[in-house]
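Note that chain A is present in both complexes that follow, paired respectively with chain B and with chain C.
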Partner chain A sequence: MSVDKNLGASATPGASLSMGRVAIARLRDLALLPALVALVIVGSLVSPVFLNPNNITTILTSSAALALIVLAESLIMITGKFDLSLESIYGFAPAIGAMVVIPAAQFGFGMELPTWAGIMVVLAVGGLVGFVNGFLVVQLRLNAFIVTLAMLIVLRGMLVGATSGRTLFDLPDAFYGLMVITFLGLPLAVWLAAVAFLIAGLVLRYHRLGRALYAIGGNPEAARAAGIRVERVIWGVYVLAGVLAALGGLAITGYVGAISANQGNGLIFTVFAAAVIGGISLDGGKGTMFGALTGVLLLGVVQNVLTLAQVPSFWIQAIYGAIILGSLIIARFAGGQVQQ
Partner chain B sequence: MSQGEDLGGRVQTRSSIAVPIVEAIGISKRYGATIALNSAQIRVMPGESHALVGRNGAGKSTLVGILTGLRAPDTGEVRFAGEPAPSVADREAWRQRVACVYQHSTIIPDLTVGENLFINHQPERNGLINWSSLRRQADEVLARWNVDVPQDMRAGDLKVEQRQLVEIARALSYGARFIILDEPTAQLDGDEIKRLFVRIRELQSQGVTFLFISHHLQEVYEICQQVTVLRDARHIISAPVADLPKERLIEAMTGEQVHFGFADAAGRVVPADAPVALKVEGLAGEDFENVSFSIRRGEIIGISGATSSGRIGVAEAIAGLGKFTSGSITIEGSPLPSGSVPAALAHGVGCVPKSRHIEGLVLGLSVADNTTMTIANKLGPLGFISPKRRGDVTRALIQRLGIVTEGPEQPVSSLSGGNQQKVVLGRALASQPTVLVLIDPTAGVDVKSKEALLAVVENLRREGKAILVVSGELEDLRTCDRVLVMRHGGVVAEHKAGWSDNALVASIEGIAA
Partner chain C sequence: MLNSLKLTAAIATVMVATALPGAVQAQTAPKVAVDLTTLTSPFWTAYNKYIEEEAKAQGIELLQPFNSEFDTAKQITGVKNAVTLGANGLIFSPFDTSAAKTVLETAAGSNVKVVAVDVAPDTGPVAIVVRADNVAYGEKACQYIGEHVKEGAIVQIMGDQASINGRDRGNGFRDCITKNFPALKLLEIPTKAWSGEDAAAGLETLLNSTPDLKAIYMHAGGVFLAPTLQTLKRRGLLHPAGEDGHIVIVSNDGIPQEFAAIRSGEIDATVSQPADLYAKYGLMYLKLAMEGKTFVAGPTDHGSTIVEVAPGVLEDQLAAPLVTKENVDDKALWGNL
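What follows is the complex of A and B.
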């Protein structure tokens, strides 16, 4: 036993160990990259078109809306909460924004507000729903899962009720702007999602609010004892998530070219899948924006590859689900090794 | 001293006749690169109370895990009454031989006491649970082991004391006569500890054997006949407690001769012109009323009392963790609002809260994240955190407090208990407070970390901080210039430094000295 007789000798292995730990922590962020690379290789084998710049643009464009709503859910999950209602906000907010603008003949409310006001209404509705969710969860201390499940149903019902189940067409151009306007060949929605992820990633890493989210998700009592205004932060995150989900809804509106009463229906499962595959913990306090983004891209690439491979459309869902399960298992192993 | 020495010929002779109820020989266990146990051994004779002591990380919990069959040793053998232990998979067989009452409850709070007693082996009739029989049998078990708790009570409403007795009764009902108590007194106050010890002696006379784990060496001398010491994953010594005076026991635990290095406060004089940093007047809240005192810079005031005396309520009110309804708290002349941690921080109050696991730490985050949590708004412009400044602040605290860590980025979950507690203290100090509130600052840490923490407190006093130590442990209070004793929410006594243990304990317990 020649262990640490002098401090100098013991300091060196300690230092190298800590380097190792930090490196491993970074590796965990990269856990999905091998899967993503493998998929890209499979994709390029399946179809020569896959690596074509146009196809890459397609993948990014079709992932932009999902990316925004996954970002929103990830922020909430890091604080240790849930918001299932994001998928309803994703349909409800753009629909309400559109209906205050379009004439009654097109199933609008008949208010015929200017288009910019309609866009504002979209964001405001998202924020307002988040505000109400936050109130119920933070002030009334109701369980987040069940509150937002109820909100999901209420909003979906209100959307179906307000539109009588009809699809809204012929919206003002601004409602399609996120997809129609392009910059360097990519639609605005892609840039918006990219910038949003970048800002969120930086804030989570380098801003006290970001660190507060992790602290609250890890141990809300300790966060409170350290002077973090836990309730206010959680409430704020709900509002922000509502706005982001509304933006995602606008992006998908541009992508589809209309708003159906079903917009976003069932999407929340994909959202959770992307976030959890990307390493955001369901228990709160863990995960990074980079991980969440790779989760989104993985699902986007899978969709694209399945389409290019001309998998019969009736089978796409089953395969898609199986791939999500497989990715979760891989991510678990990548995470499990780190923990030991 | 690689081999354990076995003192006490008396026990040796007896053991040659009697068979030990449990014996572990040559137990080794590694986790990756960490050696948790290195050919450790223990031998517990029937009917005795055997203490297992050692510093945090000495291997006690690994040994308990092996003795209860939760983990298999890499090498070595466990024997019960001379028979080889059952395989790890055979939980039922283990349960009939040994049980452990952990600090954390292992009962299910929303079931009744009776159901908890018979979890997963409920009496059945025709394949369905026979409730009336379960209730009757539960009554019998509770009556047989003299546990005064109704079987239909919701288990979550039990007090810690009752919960422990129910868990012991449950183990006995399985047939186990060897029970491990893992720090049973940590959450009990004086009267409850006394009652627990009475029960332990009663059960002992009925043939139950205990393995008693505690950081409180005094309790070892009070309740145990035999003691085994582990250090650095090895067995150091097994001996009758009577043959091992306290200094030798501590020496066996730490591997060196220890005397508490921090100064006793007796004989220390706080200059009369030192400014008053904290003034509490007529403070009242949920479980305390009319509490008044003040602390000068460079002074340490202690508050002691039973767990339910209201001392914690007073401390949490000063730190902003709890509310007060009347009276006032003044920090450096400016009044503190009720129930706001951010306000308390802004006024210059730092706090080590009651439990490091509950309010103290975010275990998954790094040392740097945890220590700078109170000052996250001061590490860069517009709330942004400069990694360099954060690292500098953290490294300075690591050095000042002697935290043993790989560096600022190590998650606190992988630190030892004593070092975790230092991180909590670091978090309190990061905001450079003038008033420090320390609630049970050395709870659940080993002798050596305790000494280090108290030495830091003494240094902070010299730097001119006003310190409030709220604790039930006499060692924590030794550094105080004055100790206030609370009972039933009010201050009932004040002891100047130099108090005798007996006098202080007597006034905490409410008995005339």
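What follows is the complex of A and C.
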């Protein structure tokens, strides 16, 4: 039992550390922690293996891809915009990258480029879609919600069209690398997500560029008056988000071992759920990376606990939703902040 | 037979020619509408391919198949559009039985003959249902696992429980295990909308609590095969059949990738869901129905039996063979075509 307790403490190392450093005013970012802690306690009661290092690894591994795409969405939401098409990039980018590599017999385009070029194509496609989204939102001043909703549908349709709905099996090993290659017992994707969150968190907090995102999300006119190149920053964030979503898609490809034409379908709801319960405001200008990360981990822990508990399958979705509702209520009272 | 086929084809061609320039001529050109449940699973894309091939072979004019994407509203709209386009026959898969009633009433109101494929509606009017028994899928998998695993924990990775096929496979497997093999401890991994990600995350979690898992039944190889194998590979638990620590895996669908995995010993068996026969007999029955023929219960000429499953609902229950290493190279299996 004492072993379990130690492991429990090491499972959330950031919690106590940042607690000391962060001022009361920033409590909003930590609002979800009590709920997360409560869930961890419930989990350890439900199953003795919950706090087992293997299981912690499982939670982190299964959350890595979601973490990357939530990071992307959070950055966009902080600038006061939306990108619904991220869920389609998550499937479209890896599929196109794979199809330029695999032979036509395996439903590729028949170009058979080297694998590294395929990986580059994955990232480039993500960036390109982000660039187009940015162009439509910034230059043509179209509504971000509607434009990216249209882009979501277009890309989903292009993926189904390009693959004729078929699942791409037997990809080159590099496409699974983010999940197969491990470092200190954790897959590369987990490290990648952790580093990406760390960098994003530091830049948002301390760097001029990061502060600019908050300024734009809070009041774009004031930000422009303060000398921030609003359009250019927003456009850049869209491109970055596209690349991050493509990386997330590559991570899930490694996790699942194939790319189905359905990859990422409906995921955007989960992405918004994670970001918003993590304290990212739908109105822009508010929220932190740490908060978004707790949102991701909360969803990962809930799914893990429900599986370990062997909840009857007909009820699992209802209970999943109820736990998220409960967590929001706990967060409301613990953080004392109104969810936005 | 051949002559009549040619004749029908010729008539159809003439009809197309005459129908093209003018307005839609609903009652003159026999046209068939096809509803597809989804276009993003290997099984359904294969079925779509066979529908097109069989329609050509049987000389039937197809409207562009419409994709319902597991959405009842889309299915009803699709059927209404098909009626507007002048369809005389409809092949559809009532994945949701509540939608089936509306669809069947819409069709009957416009004198459109209907054949249901893959799933049986609760009530008619329907010319006939062509499907394999999904409860039997689960039972076949259960029997195979029960014969090869004496005791310990086993798991079923389940399809969407809001779909009748997911429920039938799940209940068939569960009931059979609890009744016949009490020494086996059954665990379950539910998935939302047949999600491969849910399958991978669930399996990995269960491997933490149950590292000595003895067997796995996947409700759909098309979506669960890759995540299952990938997860086992990552955990170092993928041992081919015959080696120590091999986990008995039974899949469901009968796609080529499953056959490859059976040959390499990564999985042990799969239930071959007859995508080709669904298309072939679905279209054959529909053609006969459009000619005014009706059907009766009893054995058929292709080794299956027509059963009256509900008052007025006839069902041709096609065989869904269990494929193992012994018969995986059988040329009659659609996964080998």
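We take it that the second predicted complex is superposed on the first by the 304 of 340 C-alpha atoms of A that agree within 3 Å, B and C clash if a C-alpha of one lies under 4 Å from a C-alpha of the other, contacts with A are read in each partner's own complex, and residues count from 1 in each chain.
Note that a residue touches a chain if its C-beta (ideal position, glycine included) is under 8 Å from a C-beta of that chain, and two chains touch if they have at least 3 such contacts.
Nothing here was measured: the structure is a model prediction, and the numbers come from that model.
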Touching partner for A:Q139 - first (chain B), second (chain C), both, neither: neither
Partner touching more residues of chain A, whether chain B or chain C: C
Which superposed partner A:F169 touches (first chain B, second chain C, both, neither): second
Which superposed partner A:A226 touches (first chain B, second chain C, both, neither): first
Chain B versus chain C as contact partner of A:G218, first or second or both or neither: first
Doubly contacted residues of chain A, that is, touched by chain B and again by chain C: none
Chain A - residues contacting chain C, complex: 47, 49, 52, 54-55, 58, 61-62, 160, 164-167, 169, 176, 179-180, 187, 252, 254-258, 260-262, 265-266, 303-304, 307-308, 310, 313-314, 316-317
Footprint of chain A on chain C - complex, ascending: 38-42, 44-45, 48, 158, 161, 170, 187-190, 192-193, 196-197, 200-202, 204-209, 222-223, 225-227, 229-231, 233-234, 257
In the complex, chain A residues that touch chain B: 14-15, 17-18, 21-22, 25, 206-209, 211-212, 214-215, 218-219, 221-229, 285-286, 340
Contact set on chain B toward chain A in their complex: 32, 319-321, 341-342, 344-345, 351, 353, 358-365, 369-370, 373-374, 376-377, 379-380, 383-387, 406-407, 409-410, 427
